[in-house]
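Notes for the one structure printed next.
Which chain is which? They are A, B, C and D, in the order written, and residues in each are numbered from 1.
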């Protein structure tokens, strides 16, 4: 059964690679491919959710926070580059006279990249370790993270002069002098993004299969028992949460690059919850499933809203309900079960053949 | 009166109760004896409906109960005193007892309850969670009793209770059976207690009934040896 | 509400399929034109927060398209509207703009509501060398070379509004707005204007977007005891603000409140009773007494029901279609660059009166009016600027 | 700052307290007592608001002479409609999720999207407005300079009545006894004879009905649009969680604490600062007391 899952995961990766690196680039217009890359940015978050929720039993409804951190940090760099040597335009309108101190280091690309990786890691680890030490249950954790997402969105909207407020940060066209609007550079970005996604996915798949992953699963199923065996379970959970946070942050940074804007609405409650559904649709126990889920929900959103602009929310809402009620472990589980059934048939079929021959 | 026929119960993946059959007659008291982990609690939970039955029957006075939810079984005449008492910790003593009167909702505790358990009368307004273990056990029995059951089912009533209280408990159960004419099905590890309360003893081992004795049978003390091993 | 016809659905599906199959080079025909029809993109929120305002803008834009088609179209081409839902979210607007420009290859887009949405759309418009008509009042601070702004920018309404209040109602001002760029910019312009008029500002408050609890703010207003309240509270908050203001005893008879964001459409949600006696400053009111406006209002009611009311953004959306049509006809071309060139100085007679594009800055010259809300949800026009007001998107303060 | 302003501020705090309490009561029952995380709770409030709107329309057209008292009918209808909806919802949907709290959260989130779209398709995207009876508009002026809005006084009174009813039902009625028993130990409740299925459905329905009342009442203060529910849901959760799940008294105290601090901060700083301060404070408090500020002393068995 386990081998089967590994096999089905690997084959999903291969299929995804063919789809993302061959079929879509050849079959889609550049602007459509750009839309795909938007979903793929969200797939980073979904992979993190598979790790924390699927394997750690920790449901965070605040992944938008880390997505937002990555997105905003990247946007700060791009905006500074776009407006240098002037102040960013929204600061001028909000009567901010000098660049706030915490913006200053983001003139440096290296610093930006490092903080996209380090800042969410530090914040998420400290926060979640403290919470998990208190043995806060799943439901509470979900609501606390939801409140945090709301808090962050409120701060971002409120502190207009420093964050661009409700409009967020927009209007940047270059990265280190390279035009990022043109189809060519978007394509290059897309390829980089797909490769990063596979790298990250493989890494998380390996983590899940490592000793760390086994302990994490044990914690999910019987935390007290693992604790009694002398493990610091809070540490394990916080580590998983930290990995997910860093993945979200990377996703956010790529999102900003691809979409060309970041705003509080991308960070807030709505989008944080939606990110969970990406993982749920694909299967909360499958890393490539998370990518598939992000793509599917993204496509559904785009196409349904194009053709049923007035009723597509019915579909999106219905999708949440159906997935959770009917296939709680998502599409990948459905596929696995199907494969298992076929595999079960296989030796039986061969045996039958042999007996016929005799 | 109560008949259990060829019952099979799974606890998770493990087949915990295997083809168990037993009967409890009118006014009869039956004890199921066995060590920890032999399936007593699983059997009793299945009888009251807290665990699903894989196969077999539970019939009370000709009414099949094995597919019914717990509250229907209570309405049909079973009442349950679980292992660990499970009183409602945040309800007062009085409220705890009243939860048992679903068959015949009442606003006051029937007087006979406090006759049997005077201590509960004194503590009427205390929270269930604040009582001692023995008091909680009495409360759990009182709660089951007000349902006016035909068969009272008690799962390990002596577990974690002081010896003096155990004696009192035994006396009360004997009196209840005599005065109110109810049948009793009890699971036990303590033979002395069981000998005071029950007439018939079933021995359960790894999910099967392996032996049956009456109180006056020779070799009744063998059960004690069996429980020790 | 809009119903997507089956025909439209099939068309756009077919177009979508074609767009997917065909490399973009093969589609190099005049932008948006196929045979004797021309595609016009309409990009507003049909769902989400802004659907409240934008859904009716779509209605007005569709009316203009129907009228133009009935009169023979644009240079003989029937306009086919391509409607997309931006769902009130900037990233979705950006995505849908790309769909309209690159799959549907529309000749121009009319759309967007808040500035965040416009700013999300503009990079796509510029990249595809398209054209955006932006029909909502906004804070200025922008002249995009591929965007035409058909409503009032902030100086046009704020200066007129504040000047009128200071002259007619008193010189002690309280400024209140939702916490985002539009109100902040409005107040930034209002303050020096008030000072110039010899007035004082006794309070400036911003509430979070979507805020519904105004009692502390109302107490602050009471403590400051101003003559005039200038409000830039937007959206659902307005409903709560007006209701609670009235309930607290500060109705239109006791205090002067003027908003630059409340049109007839918002009044329906606020409740006519709650808005009575308060003022609004807009380019357009439904009550404007002119033949062309009466015809416009009647057409809306005939098409969408007698209960419909018309507000400023609807009318600006409607005007945008005509501004585009006239520019196309002046340029004798659907090419966005030609249309942009032809738009400089272009003038039309709209329901609000004469509207004329500035020769340089892509904004319109227009009259601005102050109206007082009546019990029937309409505004009685109490003041109207004598001349067209010059747009000044980058004012020197 | 004059004494008049202090009094009016205190009144504002009291008013916000009753609003938060009304908002959170239904959730305190559904989430606090039953442990069901219903993310569509806000949409149930919106349902109450829309029912109120429909009742107002009906009175305006058919019984204009009774417009003054329509609000009482509206509140009743809002309660009835959400009660029935809640009952059906529990039987057909929620009950499949009792052992999967996190899944409930997602499924009900989906439900909330569906409901929002339903409202949008039925009532349109625009705000709808509900007229306020004349005896509820304006303010009571006990002394010159102090105005206490009548509609807020009405809401304060109504909340007290609703709160009292909930208290009586929970602590003095048979139904309340069953609910509290089921809350503490579901399988044991069934084993003492309580029909837990019916208790669950009724409890959920009552919680939903309370949301309906809240929604109905809020039409006096704010606006109703398809997204209205989203405004309330997070605040409601925060009040309930902060107060300590499974303690109604905690819910009330937490609503009071949040309301008073929010109005005070709002007066001296800005709305945004107030909101962020409260949110952060609640999160920090929850870190130190994860079971909530006012969790009952006796711990579950």
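Convention: a contact is a pair of C-beta atoms (placed from the backbone, for glycine too) under 8 Å apart; a residue touches a chain by one contact, two chains touch by 3 or more.
Predicted, not measured: the structure shown is a model, and the values here were computed from it.
Common neighbours of chain B and chain C (chains touching each): D. Each chain gets a centre from the mean of its Cα atoms; the one farthest from the centre of chain A is B. Relative to the centroid of all protein Cα atoms, the closest per-chain Cα centroid is that of D. Taking the mean of the C-alpha atoms as each chain's centre, chain C and chain D sit 36 Å apart. Centroid to centroid, with C-alpha atoms defining each point, chain A and chain D lie 33 Å apart.
Chain centres here are Cα means. That of chain A falls 53 Å from that of chain B. Chain geometry summary: the mean Cα position of chain B and that of chain D are 43 Å apart.
Shown for chain A are the residues in touch with two or more other chains, namely 154, 157-158, 310, 313. Contact of a single residue of chain B with at least two other chains is seen at no position. Shared contact sites, meaning residues of chain C that touch two or more other chains, fall at 1, 46-47, 179, 208.
Inter-chain contacts, as defined above, occur between A-C, A-D, B-D, C-D. Listed in rising order, the residues of chain C touching chain A in the complex are 1-2, 4, 9, 12-13, 16, 19-20, 24, 46-47, 83-85, 87, 89-92, 94-96, 98-99, 101-103, 114-116, 119-120, 122-124, 126-127, 139, 141, 179-181, 184-185, 188, 208-209. Looking at the complex, you find that chain A touches chain D at residues 53, 59, 61, 130-131, 134-136, 138-140, 142-144, 146-148, 150-151, 154-155, 157-158, 269-270, 273, 276-277, 280, 310-311, 313-314, 316-321, 323-325, 328. Across the complex, chain D is touched by residues 48-50, 69-71, 74-75, 79-80, 82, 84-91, 95, 98-100, 102-103, 105, 127, 129-130, 143-144, 147 of chain B. Chain contact summary for the complex, chain D toward chain B: residues 174, 177-178, 180-181, 184-185, 187-197, 296, 298-301.
Partner chain D is touched in their complex by these residues of chain C: 1, 46-49, 51-52, 55-56, 179, 205-208, 210-213, 215-217, 219-220, 222-223, 236, 238-240, 243-244, 246-249, 251, 265-266, 268-274.
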